[in-house]
Amino acid sequence: MGGFYIDWSGELVAFFAFAVVMIVGAVLMLTLTKVVHMVASLAAVFLGLGGMFVVLEAEFVAFTQVLLYAGAVTILLIFGIMMTDHQAVQREPVRPAHEIVSAVASIVLFGILFYAIRTTEFAPSAPPLQAGVDNAMEIGKQLYTQHVIPFELVSVLLTVAFIGAIVIAKKEAE
Amino acid sequence: METVLSQYAWLVPVFPLAAFLILLAFGRGMKRTGPVIATLGSLASLVLSALVLIEQLGGADEYNNGFDWIQIGGYTLTVGFDVTNLTALMMVVVSLVAFLVNVYSIGYMKDDERISVFFAYVALFTCSMLGLVIADNLLMLYIFWELVGLCSFLLIGFWYYKPEAKAAAKKAFIVTRVGDVGFLIALLLLFWYMPDHDLSFAAIANVFGQTGLITEGITTLIAILIFLGAVGKSGQFPLHVWLPDAMEGPTPISALIHAATMVAAGVFLVARTFPIFEASPAALDTVAWVGAFTAIFAASIAIAQDDIKRILAYSTVSQLGYMMMALGLGSVTAAMFHLFTHAFFKALLFLGAGSVIHAVHTQNIHEMGGLGKTMKTTAWTFAVGALALAGIPPLSGFWSKDAILAEALHDHPALFAIGIAAALLTALYMSRLFFLVFAGKPRKGASGHESPAVMTVPLVVLALLAVVAGFVEMPFEGTGWFGEWLTGHAAAHEGTALVMLVSTAVGLLGIYLGWLIYVKGAIPRDAVTKRMPWLTRLLERKYYIDEIYHAVFVVSLRAIGRAFDAFDRHVVGGAVRLAGGAAVWTGRAATRMQNGQLQSYGLYAVIGLVILAAAIAGRRFW
Amino acid sequence: MAGSFPWLTLLTFSPIIGLIVLLFLPGTNRRALRWTAIVTTLVPLALSLWLFAVHDASDPDAFREKADWITIALNHEAVNIESSAYVFQYHLAIDGLSLPLVVLASLVAVMAALASVHIKKRWKAFYVWFLLLETGMLGVFLARDLILFFLFFELTLIALFFLIGIWGSLNREKAANTFLIYNGLGSALMLIAFVLLIATAGASLNATQQGGDLVYTGDYATIRSNLTAENSLTNLPGHYENPFALSDGMRWAIFILLLAAFGIKLPMLPFHTWMLRVHAEAPPSVVMIHSGVLLKMGGYGLIRFGVGLFPGLAEEAAFVLALLGAAGVLYGAALAFVQTEFRLVLAYSSVSHMGIVLLGIASLNEIGLQGAVYQLVSHGLISALLFLIVGSLHERTGTTELDELGGLARPMPFMSGMLLAAGVASLGLPGLSGFVGEFLSFLGLFETMKWVTAIAAIGVILAAVYILRSVLKITFGPQQERYAALKDARLIEAVPMIALMAFIVLLGIYPSVLTDAMQGSFDDIIAQLNARMGG
Amino acid sequence: MLSSYLTMAAILFCIGLYGALTKRNAVIVLMSVELMLNSVNLNLVAFSKYGVVPSLTGQIFSLFTISVAAAEVAVGVAILIALFRSRGSANVDEFNEMRR
Amino acid sequence: MLMTATQALTGPDVAYLVPEILLVGAAIVLTVLDLLLPNTVRRGWISWLTLASLAGAAAAVIGQFAMFNPFDGDAEVVSLLSDSYRIDGFALVMKLVILTASMLILLMGIRTIERDDAIPDKGETFTMMLPAVTGALVLCSTADLITMFVGLELLGISTYVMIGFRKKSSLASEAAFKYIVIGAVSSAIILFGMSYLYGVTGSTNLGWIAWALEQAAADYQALVYVALFFIVAGFAVKIAAVPFHAWAPDVYQGAATPVTAFLAVVSKAAAFIALVRVIFNTAVIQTPFILGPGVSPVGEDVLLALKVLAAAAMIVGTTAALRQKNVKRLLALSGVANAGYLLVPLAIGIGSTSTNNLGDFAFYLVAYLFMTIGAFAVMAVVGRAAGHDELKGYAGLYYRAPWTAAGMVVLLVSLAGLPVTGGFFGKLFILLSAVQMKDYWLAAIMVVTSVISYYFYFSIIRQMFMRTAETEAKLSVPAPTGIVAWICVVATLALGFLPNAFMDMFEQAVTLSRDIWIAVPK
């Protein structure tokens, strides 16, 4: 990067806005005490990420993100909470050593990543992808040609998960 | 002259061997016939060796024959036999004494339930001893040397249930082994230094006869090491300690092995390898001084002992010292002569002692007395032996001891003085022994009775030999054919008259003193004890040599063993445990990681990733 | 005479035939099982004696059996090589070094089979493992391929683990474990050394125009000749530096690995502690084999692989080897002297006697090497005999503690006599085999290292000390009441005792029977050493 | 610009990781894992636009990731429900019946 | 842009997917049948039909040898969708391995699962194996990161579900939960690495990546490091290499024994197979031996990381097992150690003296397969009889089931790496390669840990042969389980006596340059 020359383009502004939402959401998820609140803040992160995808001109992905994550996954997690310990409150830490070591490890790992990102100078050999409006169309095409095998496999995977989840979660008649 | 019988000399040891094998295989059922077979075996040996001797006396050539024993690459170890005048003579001595002891033992051992075992051992010993004698090279001699040691060990421990016998047997074996190691190393040295790695006596004589083939240092080393072997076997100081203890064996064994034959093997060995000694004055001196010291040292102990056989044992040690001294003085003739006569009279004394013990069932001379009346034959034959030992003319001991003293006087007056002193002591302790046992009144009701003929006849035969054996070599012109025959040149006889006078006087003096003390009581028995109790104690306790050895060797070896044991357990074993412990410890740490906490598992993974990245990739970016 | 019949294979695997027969016998019929096993062990004995009789040192190929076993063509891309392969062969052969040990192994096996009367349970399984063990040890001495050798070596390991663990005395499991781990470690070191050898000296390359045929082999002879011919692989195509060249450091590493591996088995100081427990815990007939044959695999390996492959290094290390040997002799003797348990006395005595083997090896001359082998054979016979007697005594008295024994010569004259005879054989009495091995080893070493030999010779005295101490403690002394009613040896015990003693005497009186067979076995090694000195 | 997105993704990843390693409530742990997976999507989409060789593949990859992650959550929650039935607790640190 | 030249799946191409399609189809049909049939109908036949479909898939794979004969050196690899999917020698052989293992495990599990009261839905447990195996087969064939990820997840989610199906055991639920969380985290880590790899090379195709990585490693060294290290770490979790292994004992313990066997063999093998493709197309190529001097050190560093992982796995796996008294956990730790051994051929790279890493890997994998499945089969029997999986359950097994005990000895001896077994030669080949590559320390660790492992493998033998059982009653061995155990024993011995039979076949069928290194479509 070399220096902190900041070009306040529209993308950057949007990026920062979403970044703030996401980081705040993520941090809140870690610090809030009530489980339901945590889920709500996580949903905020998901939405922020969807916004970021839009900024990156990946509208289809953004759409999927919002639908699947902010929608389905969050609901699923709320179900999970409801069916388990919905009154539960995150208690005071009882494993300080574990938490400190985890924090240190996470921070060091971030340090490594940050170092790697910052020391790299990106010199793309091609201009940024300007997908334009037929983004979804192109994605669809590729999914059904180039990536048809994983696509079909994912359908199998979803079926498996579906059946599995039902069978596992259903109550056994004693 | 043609050698006819000498070619078959190898049969001499084979007869007793055959007897041994027969007894070993069938001995259990042969309590009666077993002894007879063994005796016949030794008789056959005696006859054949006598014939060989006669042939050799007749001037037959020396005869040698053998074959390869081990052949490795370019090296050969051989076995073979040698008939020379020396070996022929020794064969006769050995087989004669063996035969007589066999006969004697038929009577002496007849009540023992393991009599056939006894005779088997004796036969094996006879075989080994004869093998030792006729061996034509040093290795073969060594082999038989060890075998006679084994037989000695077996026979000392014959009454295995007696703790003393067990201890004595063990001691005999181990102490002689110390000397044997010296012998072994000498053997190794000789093998690598001799041209063509030839260990035969002929080659040794040849090589060491010439100067310069082998350096003097090595020669001396070899000689001393060989002598070390002889010291062990012949009970010379400082390895004499086993011999008195060996008296725990049956008395005929003491006569055969520990008086007449095996213990003389040391002398024989030195005589056989004498060219090596001759090439090294230092070695000769060593031999002479060790011999002389042993002679007087053992004689002094003998005075203070109470056990009849122990006295005789120390006497043997002392006489062997004489022989060694003779060898050290360079006179094989004198040494062999004394060996020859000593074999007879000492065997006689032991068998006589055996006869006494057989009768009174004790070995303490203070518990005997007056046996001269009840055991006439034993008494007079014993007297002959004692006089011969004391060096009273014209018995055989006189002549042979005289030859040695003459050599000493000629070469080394100091040694002569020691020899004379030892002779005095010899006469003293023999008279003490004789008078206490046979004179005076019976003590403790030990009246005794004469032994059967089968025991007394050998006594008589030996007594005769003890009388006449000395006449083969007298210090007069024209009578010294023994030395000439044995070594090829006649012994010098200078100043012998003086020696004869002095030694006779000393002998008589000793006997007189003994008579004064023990018969007449003119000098109180405790005269010395009262004034110098420490001296008596010192002599009684044999100069504390056993105690010193125990402290120095046994205790320290045990301490070393214990120390090593601790080392083995804690250091070597500890290292092993440590290695195993490292694995277990790692495993324990790894197991502790398995705390069941999912998040800990995740944390390990993250830490692992961080460390891998930081350590391996990170080094590229520092 | 030999024809093309696979005599060596028959010899090695004949116990397996008996094993198969055993499987069909009912497990409760003790006599049938035992006699099947005994008869089975007689087959290899007969074969090995026959081989011993007809063996001709000048015709080493008379009984060579070689067959392709594992030949694997490997991928060879990225290297300019036409083809490459692993070639591990089934390769058995005899020579003067292995022959005496084969005879020893088959002989001791017969004796141990006879001695198996002491086995009180699960006979069928016992004989199965027993016969497997025999195949293993015969194979070890015959194999001429590194991998094949290793297979047989490990077979003995597994078989012995079971034999100790199931039929041993009180602490058998622990003993079996100790044995397994310690010896496993030894063979692991050996495996590393072997793999290093195969990967370097085992590689041979036939260069052609386009590339070459690269073959990695475990063949002993190939590895040996490659090791001696230093630069056999400079014809590697391309400009790679010879990747198969062994640096001096690697040579030393391999040599030391081999030394340690076989040193553990021998056992060499300070790798001996595992053996104590085995000696103390294993059943008599197994200790007979263990002490009588398996330890010998260590000495055999040292000579065949240590000295045979690296004579030059062996020469440079000779002094250290000799010191280790001498230390073993004295250390073992001193420890044997203070033990209070007879089997431990014998165990330490083995340490001491195996020290003599090292001395013989360290001499690196023909006398010493033959002496070492002689000592191996002799100690094999003697210790087998001793442990047979110990087993018989233990069965009767229920103890091997020296303090609790005594005066057994009266109730058991035959066995006591045998014990005494075996004892004196063990302490190196001339006329018995122990002496010859000891003497030749000393004699050989004396040429080069006089002082070490002289110091080690003190062990001769110590041997007398500890052997007599313990043997006399057991047999001599006043008779003890509780042992008065004990019976002397049964016929089935006496026969192996007498037979072993007969061999001990034979080897003691007429050593040529063995030395002639070994004649020329070490010519290669000696020649190489001489060449070194000349060059 | 790419660096910013990557940094953002790294932040999310590490926060998710921290959450997964420390949160006691099993549902939150699952949520944290989702956060980690989401950060990957950000990477992919960012690379898809600004990468060395920009291509749609990144976006497609992220679609796969999203669907797989959803399936994973479903199964995870189902297992958690079954576990909660037998344990009566949704605290991760109490799921330690098996250890050592 | 190369990637935009998209390739569609044509009709004939479907023929190459027959095994996978067969399995998926069977899975769906059987599941539907299971759901539709009334509860009164017995479900025993479902397991046999599952087995049959696996056998069908295996037959189909064998049939594919006709389409692409790997033994023919000139045959061209069948590549679908620009290497998303490859039918090459490596894929075919590995698919056979996976299918063999799956069939054995299924056969062994038939009776075990039927008798397991903690599994209410037995039919699903069997049918769920089919998508799992499909995932594994996909991993054998794919050379595209996306497909690889999906395959990995298909395998993963199916196995989470299989463990979770043992609902009535709270241990199993705990195991499933642990496994899914750890699995998801590892997936996230792998994905993170993959995303970077995609970013710096612009492709998810391994062939392209292999080609582009040399430049990328020069330009974006740090990111390439992160990418590869993250991928390695993620896969290390899947294969249970230390310190990423801690989940394994818990999960193995909780799962039903056949499922455990599936985890230990199929899951591990599939992850390894995928890792082989990744590593050989990235790290192994980025070494001086291939690209000449001056290449970025990243390749060698990744290999070094793999070596460290291998060493740690061997050491920790073996030593931790020393104190383990639960046989299932013990086998889990043994699996950790074996992961270490299997990592070695990947980690040592190739050089002028050794290029047969794949052969070493495959041979040991096959040996591992047989010995581990065999051991699990015996464990299933013993564990059921004893009611627990503790070591003492094996006491006196020799008296109760002598032949089973004897077979177990062979398997344990093989696991310990002693001759004459497949385990021995597997280790030997790896060892030879390691030494040829001059990685002596790794070789030393291999050998020493093998020796340490004697202790616990033989502790089972000690229990079986040297202890007495509480009961003398004969142990009944269900026929399918017994057959599996004996197939494994015989195969283990066969691999030991005739290692060349498999090795030759493999070395002829698989070559690095054709099967692993993907020719970049220029």
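Letters A, B, C, D and E mark the chains as written, and numbering starts fresh at 1 in each.
One rule holds for everything that comes next: a contact is a pair of C-beta atoms (placed from the backbone, for glycine too) under 8 Å apart; a residue touches a chain by one contact, two chains touch by 3 or more.
Quick caveat: nothing in here was measured; it's all calculated off a predicted structure.
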- Message: If you apply the touch rule, which chains end up adjacent to both subunit C and subunit E?
- Response: B
- Name, by label, each chain that touches both members of the pair subunit A and subunit D. B, E
- Item | Innermost chain, taking as reference the mean of every protein Cα atom displayed | C
- Identity of the chain that, by mean CA position, is farthest from subunit A: B
- When A-B and B-C are ranked by contacting C-beta pairs, first place goes to B-C
- By mean C-alpha coordinates, which chain is most distant from subunit E? B
- subunit B-subunit E separation of Cα centroids, rounded to whole Å: 79
- Note on the structure: CA centroids of subunit A and subunit E: separation to the nearest Å works out as 30
- Task: Could you grab the centroid distance between subunit C and subunit D? Build each centroid from C-alpha atoms only and quote it in angstrom.
- Result: 62
- Message: Between subunit D and subunit E, what distance separates the C-alpha centroids? Give it in angstrom.
- Response: 25
- Item | Multi-partner residues of subunit B (at least 2 other chains) | 591, 594, 596-600, 602-603, 606-607, 609, 613, 621
- Residues of subunit C that touch two or more other chains sit at 181
- Specify, in ascending order, the residues of subunit D that touch 2 or more different other chains. 13, 16-17, 20-22, 26, 29-30, 46, 51-55, 57, 60, 64, 68-69, 71-72, 75-76, 78-80, 82, 93, 95, 97-99
- By the touch definition up top, name every chain pair that qualifies. A-B, A-D, A-E, B-C, B-D, B-E, C-E, D-E
- Message: Please output the residues of subunit B touching subunit E within their complex, sorted ascending.
- Response: 583-584, 586-588, 590-591, 593-594, 596, 598, 600-602, 604-605, 607-609, 612-613, 616-617, 620-621
- subunit A partner, complex, touching residues on subunit D are 1-8, 10-19, 21-28, 30-32, 34-35, 38, 41-42, 45-46, 48-57, 59-60, 62-64, 66-82, 84-85, 89-91, 93
- Message: Per the contact definition, I'd like the list of subunit A residues that touch subunit E in the complex.
- Response: 112-113, 115-117, 119-123, 126, 141-142, 144-150, 153-154, 156-157, 159-161, 163-165, 167-168, 172
- Note on the structure: subunit C partner, complex, touching residues on subunit B are 68-73, 75, 142-144, 146-147, 150, 157, 160-161, 163, 165-166, 169-170, 173-174, 177-178, 180-181, 184-185, 188-189, 191-192, 557-558, 560-562, 564-565, 568, 572-573, 575-576, 580
- Once bound in the complex, which stretches of subunit C touch subunit B? 181-182, 270, 272-274, 331, 334-335, 337-339, 366-367, 370, 407, 409-410, 424, 429-431, 435-436, 439-440, 442-443, 446-447, 450, 453-454, 457-458, 460-462, 464-465, 468-469, 472, 475-479, 510-512, 515-516, 519, 526
